[in-house]
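Next up: the structures, one after another.
Same chain, two partners: chain A is paired with chain B first, then with chain C.
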Partner chain A sequence: MNEIPLPGSSSRSLSLAEAAIWSVLLLVTVLSAVTRPGLFVDQVLGGLVYGLILVLIALGLSIVLGLLGIVNFAHGALFMLGAYFSYQFMAVWGVSFWIALIAAPLVVGLVGVVIERGVLRYLYDEDPLNGLLATFGLSLMIGEATRAIWGGAPKSVAAPQILSKGMDLGITTVARIRLFTVLVAVIVIAAVYLLIERTDFGLSVRAGVLDREMAEFLGVNMNVRFISMFVLGATIAGLGGVLRGTAVGMDVAMDEQFIILAFVVVVVGGIGSLFGSVVAGLLIGGTAYLTPLYLSTLASITNIEAINVPGIGGLVPYLVMIVVLLVRPRGLFGQEGFLE
Partner chain B sequence: MSDRTSTINSNEVGVFTALQSVVGRYRVPIGALLLVFSVRPVVSMDLLLGYGAVANSILIWMLFAASFNILLGYTGLLSFGHAMFLGIGAYVTAIGLARFDSPFVLSALVALLVAGVVAYLIARLIAQKGEIYFAMLTLAFGTTAHFVANYDPGGLTGGTTGIAGGAVPAWIETERGLKYVSLGGFQFDWYFFVAAAVFVGLLCIWQLVRSPFGRTLVAIRENRDLARAMGINTYRYKVWAFTLSGVVAAYAGAILEVNEQGATLSLLTVQTSGDVILMTVLGGANYFFGPLAGAFVWLFAEDFLTDFETLVLPLEQFPLIRVDLSGVLSYWQFFLGLLFVVAVVVAPREGIWGLFRSVVKKAVDRIKSERDNA
Partner chain C sequence: MSLLEVAGLQAGYETGQVLFGVDLSVEEDEVVSLLGRNGAGKTTTMHAIVGANVPTVLGGEIRFDGTDLRERRNYQISELGLSLVPEGRRCFRDLTVEENLRLAANHAEDPLSIDDVWDQFPELKDMHDRPSKNMSGGEQQMLAIARSLITNPQLILMDEPCEGLAPLIVRRIESIIKDINGKRDVSVLLVEQNVAVAMAVAERHYVIDEGEIVEELSTEQLRKDEALRQEYLGV
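Up next is the complex of A and B:
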């Protein structure tokens, strides 16, 4: 016990309890997949789409948090604005989906500029609580404005012909818009990753995250980078909103619902880690969709109906977060000591 | 904090000075006493709402916000799950009354106990986490509480409908929508009961925050590392601050249960937790009366602005300017949100009460200097 294990070098063997948990999980997965293959594929895809939407929101959150030290509660409102702008473009002005897909996120980006210049820049280097509170107020304002402009009733837009049809997978059919969502999300995530990890711009941004003052001494204009990264985050959230709005529809409650889950994703993945956000998003999406299926499979095997808790899928993300944070306070891939 | 500190220079001995010193020393309880009994007369004025029914819930929410301020204002902990304790207070009381036919006092005491135990256990787990993590974890536990109440374990909590029937204690009599308390052949308005109960709650909070315990919380808020270096076990103090805050919130919840004649699921939503944050910060987390002012402004605006249709200046009888605001002011939350954002950016801990205090102070200073000059 006295030895301090080096990270990465410890090849610890699975304890008996862990092995038991993993084998039960594997068993239930196989059983669920065999007994109800159609439902299983549906849930896996549903979790994937849901998780990727969460990742799109969480990316911007994570960037803003790592770079500016601000917990941007208004990010969910930007996501919602993306959905409502696409409604405005497509249903009100009759623009095609493909133009709305590009234009709506860009308009959201403009809103992001206004927020950053109007409010957030006064809150850099302040107590992180103030940023959280101010953006909380902003999200309230945007939510009310949305209700005033588009009304409180749920809205939906029609996806273009090519995306609205279902795709036959043999055991089940999937709406093409969901596959399209997966495609776009993967491209965007890859692009953001390349931008931050492989370009000079990304390098200077990362330098700013590590030590902003030093980066500024070396002649990096951090302000420009802050704004552009904030706008990038807002645009991606808006894009997520367009995709979600087209696939499922939109209402004024989606703001709060998604921002909280996106926070959960960021916290579980580890604050400041983009890779962690992606993993956590998929983990949360997957568990939220698969847990009900697993529980119902377990209930049907063991004949204990009490296992099959209705609505458990909505609670699972929070349970995952509580467990992860208690076991590993910095999240799955977070840096130690950051905002802890 | 300056609500509680009063430097008294009592070189002169006299009745007036003695009175002044007592008032200065006890101005928070005196102010609270005046406040709880004046809310209804004030909101019932024709110029304002014209009816006093909302005064009960304003008072209860004031107490709830004050309990939240033990955390945010005095200890510096931001909880996104404080609705949990309001909900536990209301639900456990309602369960005791409706499902077990137990008397109100017993049900309420059990509610406080349950809230205290839950708060203590949660705080033991999460009190030492960083601000953001703490906020997220309280949010997660709050959502879990909402889930449990919605899940309706054992038919106790009633799922989405909540607990509606039979959840009113026997000594409450309802006549044409108004509630009366009748105890031992003596009948009085429900409002006075609420006012007295809220006053007792505020008094408890005041005693708590001016005690050495409360002073220590302030020390932790101001500089955690320094507090720790002085030998304060910050973890234990945070745990107890969270627990006591939860108990007081449950106390507010128990009163709210009687006021609303049951417990509803909406009490446990994230929205409720968010509202109390907004009220507290808008009112001014730095002051004892800040959250109370915030709760008053918030709930008053909700009722007043939603019904507000035309602004007529200067008077109804002599309309010079008539502005139709019916379409705009129903979205009152937008404007309060704007006020909130401005408050956070300009002075995050001052709020409306801080603004009010500085205005009053300036006016008093001016009058004093004019009197001295004359």
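Up next is the complex of A and C:
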């Protein structure tokens, strides 16, 4: 098989066309940052927050796919439940944000236990299509249940005072809840990394991904690990939901909106690579937020208004996916041979 | 009572039954071989003993150290002191040598220390942080054996450990098997197609054909019985 180099890897020299693309990108970045610094910082932070929320969802998806071989379509519903549970805790029961921040994800984890024990465990050795259909059904059921319990209208919760204020950076004002989201997401991602790469538990999980039966012959009870990792993924998705719900509110469409993009992140990052998911999440969040700004900067300096395509931000994640898969079907950090 | 006692074992796959009543036993501190052609039922016997996902055990008894293995799940055999060096080695390819060993030690009742393993396999110590996928076939085989040994088992089942290896490496594997048995009193049930390897390390031999044990003989008898080797083993 031909080794396809990573984009930007040092093993090959930059061709003229690539050099041109990179310099144009750099130029537009500098121009955008200089002409509209406030907006630039807003968009960078917006992309970072959006990307990290995607990573929080994609981590669980990637774990479940790698370990259980199941494409868990219900994962976005768990994310949405995180948001609605925090609404239930804070707006209905009047519990503080800080308690809801911990409790809502844990309740989502419990829902994860029910899903794993009630449905998924019967599908481990089945055709992957069965898992996809079953979890798609679950996602519809959870979506309709959410609509029935909390109604179809968008809901929002009030962030605690310390997070609801803005932080004045001089050129722009940044909502503290967004900075808090970045902080929490980074801590969670680092913790998952350490769990998988540095602990004995993580070692047995990695072995189980590579050869489940051999790990069992060596005494690893894989079922216990399957449940733990599924619940961990569900809890993290729920946490993402709480953060997203607190920052921008929630509605019943957030499930599908985010699950599709989280799949894009997993595929772009490379199936089975947690690190790839992190990189891809940031890449997609960043490009989705910066592309509109860059195009509008280009339009204003060239005076060609047609460059400024409205709504391009929503399209960018899919364009990124198409380009990555054309160049490197296994995804940025995927296993050799997967999808190739 | 034997350490491993298999009686009337019947097993098969979705495509049909493969074992039609296998009887064999392994005593403590003994090296025994199970010989047979491709498709005779050697690997099926091994997998039935350790409770692999396939084949399905249809009948018979499998007892290890008095425990009924058919009542045990596949992740419960290691704690009894039974370990498998599987066909194709099955090292965890993205894990390093040391991680492969640590994983096995973590889940054993009374594991050896990693230094004990390094003493036995100095060549593995030199590549302790190498992912096992970047090792040669012989090195991977040593790792697979070391991974079993570190669990401090009473019996190791080895499925064609010398398959596809160069003669020099085969000699090394043979001496490792003798060492494991001689120094650590571990019993070995060795599945082989290579009669020379089996005769070099094992004292007693079973010959399996079409899912049944057709002969049980000593190394001396096996050496003399050219007709039998011709008929069942093609050598």
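Simple rule for what comes next: the second predicted complex is superposed on the first by the 328 of 340 C-alpha atoms of A that agree within 3 Å, B and C clash if a C-alpha of one lies under 4 Å from a C-alpha of the other, contacts with A are read in each partner's own complex, and residues count from 1 in each chain.
As a convention for this text, a contact is a pair of C-beta atoms (placed from the backbone, for glycine too) under 8 Å apart; a residue touches a chain by one contact, two chains touch by 3 or more.
These numbers were taken from a predicted model, which means no experiment stands behind them.
K.L.:
Following the overlay on chain A, give me a clash-or-fit verdict for chain B and chain C.
P.N.:
Aligned on chain A, chain C fits beside chain B.
K.L.:
Of the partners chain B and chain C, which touch A:41 in the superposed model: first, second, both, neither?
P.N.:
Touch status of A:41: no partner.
K.L.:
Please work out whether A:91 is in contact with chain B alone, chain C alone, both, or neither, and reply first, second, both or neither.
P.N.:
neither
K.L.:
Identify the partner contact of A:113: answer first if only chain B is touched, second if only chain C is, both if each is, neither if none is.
P.N.:
neither
K.L.:
Give one of first, second, both or neither to describe whether A:127 is in contact with chain B, with chain C, with both, or with none.
P.N.:
Once the two structures are laid over each other on A, A:127 reaches chain B alone.
K.L.:
Given the touch rule stated above, what does A:186 touch, chain B (first), chain C (second), both, or neither?
P.N.:
It touches nothing on chain B or chain C.
K.L.:
Go through the superposed model and pick first if A:31 touches only chain B, second if only chain C, both, or neither.
P.N.:
neither
K.L.:
Is chain A touched at more residues by chain B or by chain C?
P.N.:
Touched residues of chain A are more numerous for B.
K.L.:
Taking the superposition as given, does A:263 touch the first partner, chain B, the second, chain C, both, or neither?
P.N.:
first
K.L.:
Taking C-alpha centres, what angle do chain B and chain C open up at chain A, rounded to the nearest 10 degrees?
P.N.:
90
K.L.:
Contact-wise, after the overlay, does A:222 reach chain B, chain C, both or neither (first, second, both, neither)?
P.N.:
A:222 sits against chain C, while chain B stays out of touch.
K.L.:
Given the touch rule stated above, what does A:309 touch, chain B (first), chain C (second), both, or neither?
P.N.:
A:309 sits against chain B, while chain C stays out of touch.
K.L.:
How far apart, in whole Å, are the nearest Cα atoms of chain B and chain C in the superposition?
P.N.:
16
K.L.:
Following superposition on chain A, which residues of chain A contact chain B and also contact chain C?
P.N.:
none
K.L.:
Under the touch definition given earlier, write down the residues of chain A that touch chain C in their complex.
P.N.:
Against chain C, the touching part of chain A is residues 125, 200, 203-204, 206-207, 210-211, 213-222.
K.L.:
Using the touch rule from the top, collect the residues of chain A that touch chain B in their complex.
P.N.:
71, 119, 122-123, 126-130, 132-134, 136-138, 140-141, 143-145, 147-148, 256, 260, 263-264, 267, 271, 309-311, 314-315, 318-319, 321-322, 325-326, 329, 339-340
K.L.:
Which of the residues in chain B come into contact with chain A in the complex?
P.N.:
Those residues of chain B that touch chain A are 76, 78, 125-126, 129-133, 135-137, 139-141, 143-144, 147, 150-151, 270-271, 274, 277-278, 281, 331, 333-334, 336-338, 340-341, 344-345, 348.
K.L.:
In their shared complex, at which residues does chain C touch chain A?
P.N.:
Chain C residues touching chain A: 50, 52-53, 73-79, 83-84, 86, 90, 92-95, 99, 102-104, 106-108, 147, 151.
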